[in-house]
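First chain written, first letter: the chains are A, B, C and D, and each begins at residue 1.
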Amino acid sequence: MVVPALYGLAALLALAPIAIALGATRHATNVTYGASLIVTLGLGVIGLMSLLGEPVSAVTLPLGLPWLGAHFRIDALSAFFLVVVNLGGAAASLYALGYGRHEEAPGRVLPFYPAYIAAMNLVVLSNDAFSFLVAWEFMSLTSWALVIANHKERENLRAGFVYLVMASLGTLALLLAFGLLAGANGNYVFEAIRASHPAAWLVAVVLILAFIGAGSKAGVVPLHGWLPLAHPAAPSHVSALMSGVMTKVAIYGFIRIVFDLLGPPDWWWSMVVLAIGGVTAAMGVLYALMQNDIKRVLAYSTIENIGIVFAALGLALAFKAEGMMVPAALALTAALLHVFNHSLFKSLLFFGAGAVLHATGERDMDKLGGLIHRMPQTAFVFLAGSVAISALPPLNGFVSEWLTFQAILLSPHLSSWGLKFMVPAVGALLALSAALAAACFVRAFGISFLGRARSPAANKAHETDGFSRAAMFVLAALCLIAGVVPGVFIDALAPVTHALAGASMPHQTGVQWLSIVPIAQSRSSYNGLLVFVFMAVSGGLAAFAIHRLASDRLRRAPAWDCGFPDPSPATQYTASSFAQPIRRVYGTLVFRAREHGEMPPPGSLAPARLTVEVRDPIWDTLYAPLAGFVAFASDRLNILQFLTIRRYLSLVFAALVLLLLVLAIWQ
Amino acid sequence: MAIVREFAFQGAQMLLVLLLSPLLTGFVRKMKARLQRRQGPPLLQPYRDLLRLLRKDVVLAESASWLFRVIPYVVFAATWVAASLVPTFRSGLYFSWTADLIAIIALLGSARFFQALAGLDVGTSFGGIGASREVMIASLAEPAMLMIMFTLALVAGSTQLSTMAAYMLSSEVGLRVSLGLALIAIIMVAIAENARIPVDNPATHLELTMVHEAMVLEYSGRHLALIDLAAELKLLLYLSLIACLFLPWGLVTAEYGPQALAVAVGAYVAKLVGLSFLLAVFETAIAKMRVFRVPEFMGAALMLGLLATLLLFVSGSL
Amino acid sequence: MSFDALSAILLIPAGAAVLLAMLPGYRLTAQLNVLASLLAFLASVSLFFVTPVSGPYLLVDDLNKVFIVLNTFVGFTTAMFSASYIGHEIETGKLTPRFVRFYHAMYQVLMFGMNLSLVANNIGLMWVAIELATLSTVLMVGIYRTHEALEAAWKYFILASVGIGLALFGTILVYMAAQPVVGEGLNAMVWTVLMTKAQHFDPALLDVAFVFLLLGYGTKVGLAPLHAWLPDAHAEGPTPISAVLSGLLLNVALYALLRFKMLLALNPVAIAPGPLMVTMGLISCLFAAFMLYRRRDIKRLFAYSSIEHMGIIVFAFGMGGPLANFAGLLHMTMHSLTKSAIFFTVGNISQVKGTQKIADMGGLTETHPVLGWGLVLGVVAIAGLPPLGIFMSEFLVVTSTFAREPWLAVLLGLGILVALGGLLLRLNAVAFGEPKGPVGPVHASYVPMFAHLAIVFMAGVYLPPALVTGFENVARLLG
Amino acid sequence: MHGLTFDVAHLLAGSLVLVSFMLLYQSRLYALLNIFALHALVLAASVGWQASAQDAPHLYVTAAIALIFKAIIIPVALHRIIVKLGIHRQIENVVGVGLTMLLGIGLVALSMVVMLRVTAGADALAREDLAFALSVVLLGLLMMVTRRNAVSQVIGFMSLENGLVLAATGARGMPLVVEISVAFSVLIAFIVIGIFLFRIRERFDTVDLQALDNFRGERR
């Protein structure tokens, strides 16, 4: 199975020069995105087939490190992520068939787009440290090029800079991790690494390094600094790929190293992952609630979901460390399912944001509003995405969240007290972030799509093109399907958990009425299908009955608003005013949020002003000082550029004398 | 044959909650009135209101979208499904495993989600106030509820309401600190979720203090009827939740006889009466608090929930 | 036959130098220059097929074969580039034909010097050759005769000649060490002889000798704190010379160091030269990385990046071991190709913009797409990002080091990371953003630049087995 | 007999170091040149003596080169230059003489320690020679470091070269290659310096290196 996959990758890579050759014509857009759509679909099918029971297949090409070659392999894990990556890729390509036409400088996007998808696939397929890292860093490189596609804006360049530096930091961490695993004589092939059983301290170090490496790419707090800058800066279909897919590739890296290559770590390391995962989830969504730029909101909510996934992974680690394989499988399934779900609805939401951006030219929610009237279909799918990401039944977001909670509820069986106490706390954090996520997306959807238009641009918005809508509807449909028949997806994940945890959840599709049962019917179960049907039936019944038996008449009138009808849209709640209560409750604590209101003296006609100041604690305490240090050091050292020749000679002289002294003393 | 009977029970429960909920609200109102030395509206007043509203025209704001008209049905449906999945007089109903406690809470979450959207849809200032405050309160109430659920689930080793109720009935559950804390917490959450005093005042239209009412301000006619009915269902749901988790006595499980059923229904009604009486007393005794005191109130609930969970380990009962 | 190939490498440049010094006319000399370089390159390639016997003065083995081919190849491409570049310099009147004639002659002298020092089998001869090369570059750095050029050349000259002195002293000491064992006379300076007898030499003397050689040749390698001449010499000389300096002369000096390192490695008692080299390499890498952040002159910027990479290479060789040595060789090759390509690009840019000040450039990918993306590609390569060659060597260096000396690897990695940041900032300023400065057409040719980048890309993806075996042999030699 | 040769060689080499100290001490350019001539003279003598001691005739060539180039031509030429530049009365010193002297003594001590310990194997003559040579080299370097004037830097450099020659001759039976190369490089060095001084003359009205150092590419 791996060989055709590689052909697909070759095709994608070949697409880049073709795109360059075709130049900035509309032709180029169609060819590039059309071809990527086809290839990604093919790759997705390959992934699916190998997930559903194709044997593991591997191949070695005489590329890369000469004495090593480039190893590629498809096993259950990589097959699953192959599906995720290419599903996202296909959706993005379909979307871009329409959206990409509006690109002002396609020459800066088209060549890198297929290469970027190819790179992500390569990461998933590669089976030795070198190819893995090449693909990993190549992924960063291509996405960097896409982030600065609109290079005229200084902000984007800055975003690209921060992004590439952070990405390289992550790569460095992974490099060191593999350096430890491979040893001095360099057995970089994964089989060799798997065979070697490293010492406990080494396992710990590698785990931390892998967490830094993968976490920095996935956007784990506090390594997330680049993400809200870079993801919104790229064209929307690329933002969707970065948020929906690339972060998942990062998670793949973590799983591959920690669960597959590394031996079982001591249990306390899982606490690190758990704690950081929980904090990431809560922080991410709080950040999201403080933003007014809709793409930024989405980027921060990605951080939240990554946090949820890592919390589940930490749980799986804990169970695995204590040899409880079935719960480990449950936690792992929850994580992987959330990976899949998030890739669906996050891409969907970014597509929606892109459609809005194109229709209005605005990313600031305070300048949007009332779009549901002008772009009803986009509004509908965006709503679906919002419900899904807010973990509300009957859509898919809830299922993975529910599984995570089920896994958390198994924590009492853990023997170590640290975990016994930590897991419920993490559970509280997850619950908090779930509730806040709902708030965040009520805000995101409500402010931008509902109410009345807050700007002329929003008033003149128009529905987006067919391709984009098709892509969005496909994803929305998938969100619903994954929500109502989750059993199918859970069963598909069984081989993965078998490979990684040596166990898997009980077979789901056999259960009556297609409900899902993590451990036992008596313990817990959930049936998305029935919930959906019941809601539909009862809602429909109510509607039918009322319209039949009672009145179905309807009059339009100005809004009542407690008797203060206000003609101006400015009197509506804005994004920032909507966030105000939450900012009061959490912001003062986390972001040192301050509100300065200045009232004009009685009689003066000056408007009253309210200024809100929100600080990013992590940026202030981590990133700013680092940048400061580099600036300081380079300033200090830069003096050496401005010495006289005599001084330079003195340097040489000093070096010589020093070495001679060393020699004299050493001998 | 058995299947049919099971379906019948499920249907019966759905109808029961639907029909009982306005009466419950009416009863609470009556109680409060009496406690305040007022005559108060008749018990059946809520039914009359609903019917009246259903027959009236809907007056829809110009800026309202299709979503605004769909939402009442969604909210009603979600709440009704949730309410009909909570054991009232009989546990282990045929579809009880459709959604466990987590899912029920989440269903209420969806209802709230859409209601908040409705608040924003017309684009008025009051809708905004309501929605933003609602989500703020919910952001604390939901985790608190989940923490309570954790405690109970860890005690009962299940999130299946029927199983939990059965466990609570069984002898092995002793008197526990955690359960006490959980009870207090769940009451606090129930008060907040149902927009009761001191968190919110269902009767008020004093603009700056209202939360739930502000969200539904623009609704009228059948839409308003559905929203109100959903609210009443929610109250019933929480009361019967408390009833089935903390006072499960009289609940019939698998095997039953007619008299057992009668007893069960009677017990259920009795519980409701008792709880709603307590609620009325509580509401009369206490004053509504400022909106930004609410977070502290809910935070306390959350802390209680977390504490309850952690205490479980200390008490070493696992 | 063998004699021809070997001597051709030396005679062609020497003859060409004499010829070019006499011939007038810019076009003819330029073409002749290219032709001579091409012939030298072909001759060096032939070395792979027939290995000449090495005499008492000249020697060809696996180690220097690589260097020679690289040297002549970059020499050839640079000659191509300079042919078009210098033409434009004459048009703009920055150079007079008289100086151009001098320039071409000196170019061949330089090539001769470098080739000689690579094939020399005699430490004295090698020393002479390196000095010859150095002095010829001194003259070319000062060729523009502006204040800055003179100051740069003067600085270069003073520091280089001190380096000369130290290196000579070291050479004498090596002779002193060899003389009791090998006996007086010529033999005591012949590599092939020294290598066989090295284990009997007086270790203490070798230690002192290596200190002097490290500082002497290290000055020319551009190791901090001996680097001071390098940035200015790169910035103020003609761009082709900057390319040759970074791409070749540094390598030649490094080659000399490696030879002596091998000598010490053979001696059991002598201090391992490794730690010294590792320390200096690390210092250079970190220092240069931070220096990148305050650069305003684009050529100085890349000069400092050369220092950084020399640091990495010296570090790798200092670590030793087959993997690290392989990485060092690979990195050296990749660096000279990439860096010279970058200097070709930078030359074109500064000719188009009429300045070397980064502040006066911008939006290059907008105004000159080929040039701009060429620069982006070059910087991406030099910053060690895949799929280009330098990533492979840096991967090998860091991973192989981390297993042995974790903290050194971490430091090195951070150095590379800081350097990446510095380069990226400047790249953003030059290649992206709103276009700035003149947008005239590009005169010099793109061929050499893209030829180099293509090779670097190829190497990053696929290394031909022949090259690999060659490198592995050398790595084994280096111990 | 051998004792005598040794003593003379010792004496000459030692006096070379002494003269280096004089160079360090002397701050007036004019006098400095004369002392440098003396330095070269002593070098020539010691090389000559080495030649006779090792009965290596080719060393006489080196001695001759040293004598003619360094003792006569260069000083004369430099006299010309400084007179032409009108700096022959210039007095300049960066570090105080006392401190310079102390440093010099320290360096000599260092070189003694390093060299004498190292070359235990070689014969006494070579050891002495190398030790002194190293100290001369270091002193020359010190001079370059402590002087600001181009000419005196050049002189410092030359004295450094002298030290190298001394070392080279000290190494018994070292092939002629090296001497030639030394002379050759010094020659080139001299020419280049000459060119540079002239260019400098064209551009600046002083050879004081501060003037050069102002042009440092990127000024802050």
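Just so it is clear, contacts are C-beta pairs under 8 Å (C-beta built on N, C-alpha and C of every residue); 3 or more make two chains touch, one makes a residue touch a chain.
The model shown is predicted, which means the values in this text are computed figures rather than measured ones.
K.L.:
Would you mind naming the chains that touch chain A and likewise touch chain B?
P.N.:
Chains touching both chain A and chain B: none.
K.L.:
Mind checking the centre-to-centre distance between chain B and chain C? Centres are C-alpha means, answer in whole Å.
P.N.:
So the centre of chain B lies 78 Å away from the centre of chain C.
K.L.:
Roughly how many whole angstrom separate the Cα centroids of chain B and chain D?
P.N.:
Comparing mean C-alpha positions, chain D is 100 Å from chain B.
K.L.:
So what's the Cα centroid distance for chain A and chain D, whole Å?
P.N.:
69
K.L.:
How far is the middle of chain A from the middle of chain C, if each middle is the mean of its Cα atoms, in Å?
P.N.:
44
K.L.:
Which positions in chain D are in touch with at least two other chains?
P.N.:
114, 117-118, 141, 144, 153, 212-213, 216-218, in rising order.
K.L.:
Quick one: which residues in chain C touch 2 or more of the other chains?
P.N.:
154, 158, 162, 204, 207-208, 231
K.L.:
Send over the residues of chain B in touch with two or more other chains.
P.N.:
In chain B, no residue touches at least two other chains, as defined above.
K.L.:
When you check every pair of chains, which ones turn out to touch?
P.N.:
The complete list of chain pairs in contact reads A-B, A-C, A-D, C-D.
K.L.:
For chain A, which residues are in contact with chain C within the complex?
P.N.:
Within the complex, chain A contacts chain C at residues 62-67, 107-108, 129-130, 133-135, 137-138, 140-141, 148, 151-152, 154, 157, 160-161, 164-165, 168-169, 172, 175-176, 178-180, 182-186, 188, 630-631, 633-635, 637-638, 640-641, 643, 645, 648-649, 651-652, 654-656, 659-660, 663, 666-667.
K.L.:
In their shared complex, at which residues does chain C touch chain A?
P.N.:
154-155, 158-159, 162-163, 166, 204, 207-208, 211-212, 214-215, 219, 225-226, 228-229, 231, 271, 276, 287, 290-294, 321, 323, 363, 365, 369, 380, 385-387, 391-392, 395-396, 398-404, 406, 409-410, 413-414, 416-418, 420-422, 424-425, 428, 432-434, 461-463, 465, 468
K.L.:
Given the complex with chain A, which residues does chain B contribute to the contact?
P.N.:
By the definition above, chain B touches chain A via 14, 54-67, 73-74, 76-78, 80-81, 95, 97-100, 102-103, 106-107, 109-110, 112-113, 116-117, 119-129, 131-133, 135-136, 138-143, 146-147, 150, 153-154, 157-160, 163, 205, 207, 217-218, 221-222, 225-226, 291-292, 295, 302, 305-306, 309-310, 312-313, 318.
K.L.:
Which of the residues in chain A come into contact with chain D in the complex?
P.N.:
Chain A reaches chain D through residues 641-642, 644-646, 649-650, 652-653, 656-657, 660-661, 663-664, 667.
K.L.:
Once bound in the complex, which stretches of chain A touch chain B?
P.N.:
The contact residues of chain A facing chain B are 369-370, 372-373, 376, 379, 383, 387, 390-393, 398, 402, 405-406, 408-409, 412, 417, 420-421, 424-425, 427-428, 431-432, 434-436, 438-439, 441-443, 445-447, 450-452, 513, 515, 521-527, 530-531, 534-536, 538-540, 542-543, 546, 550-551, 553-562, 564, 566, 569, 571-573, 577-582, 584-585.
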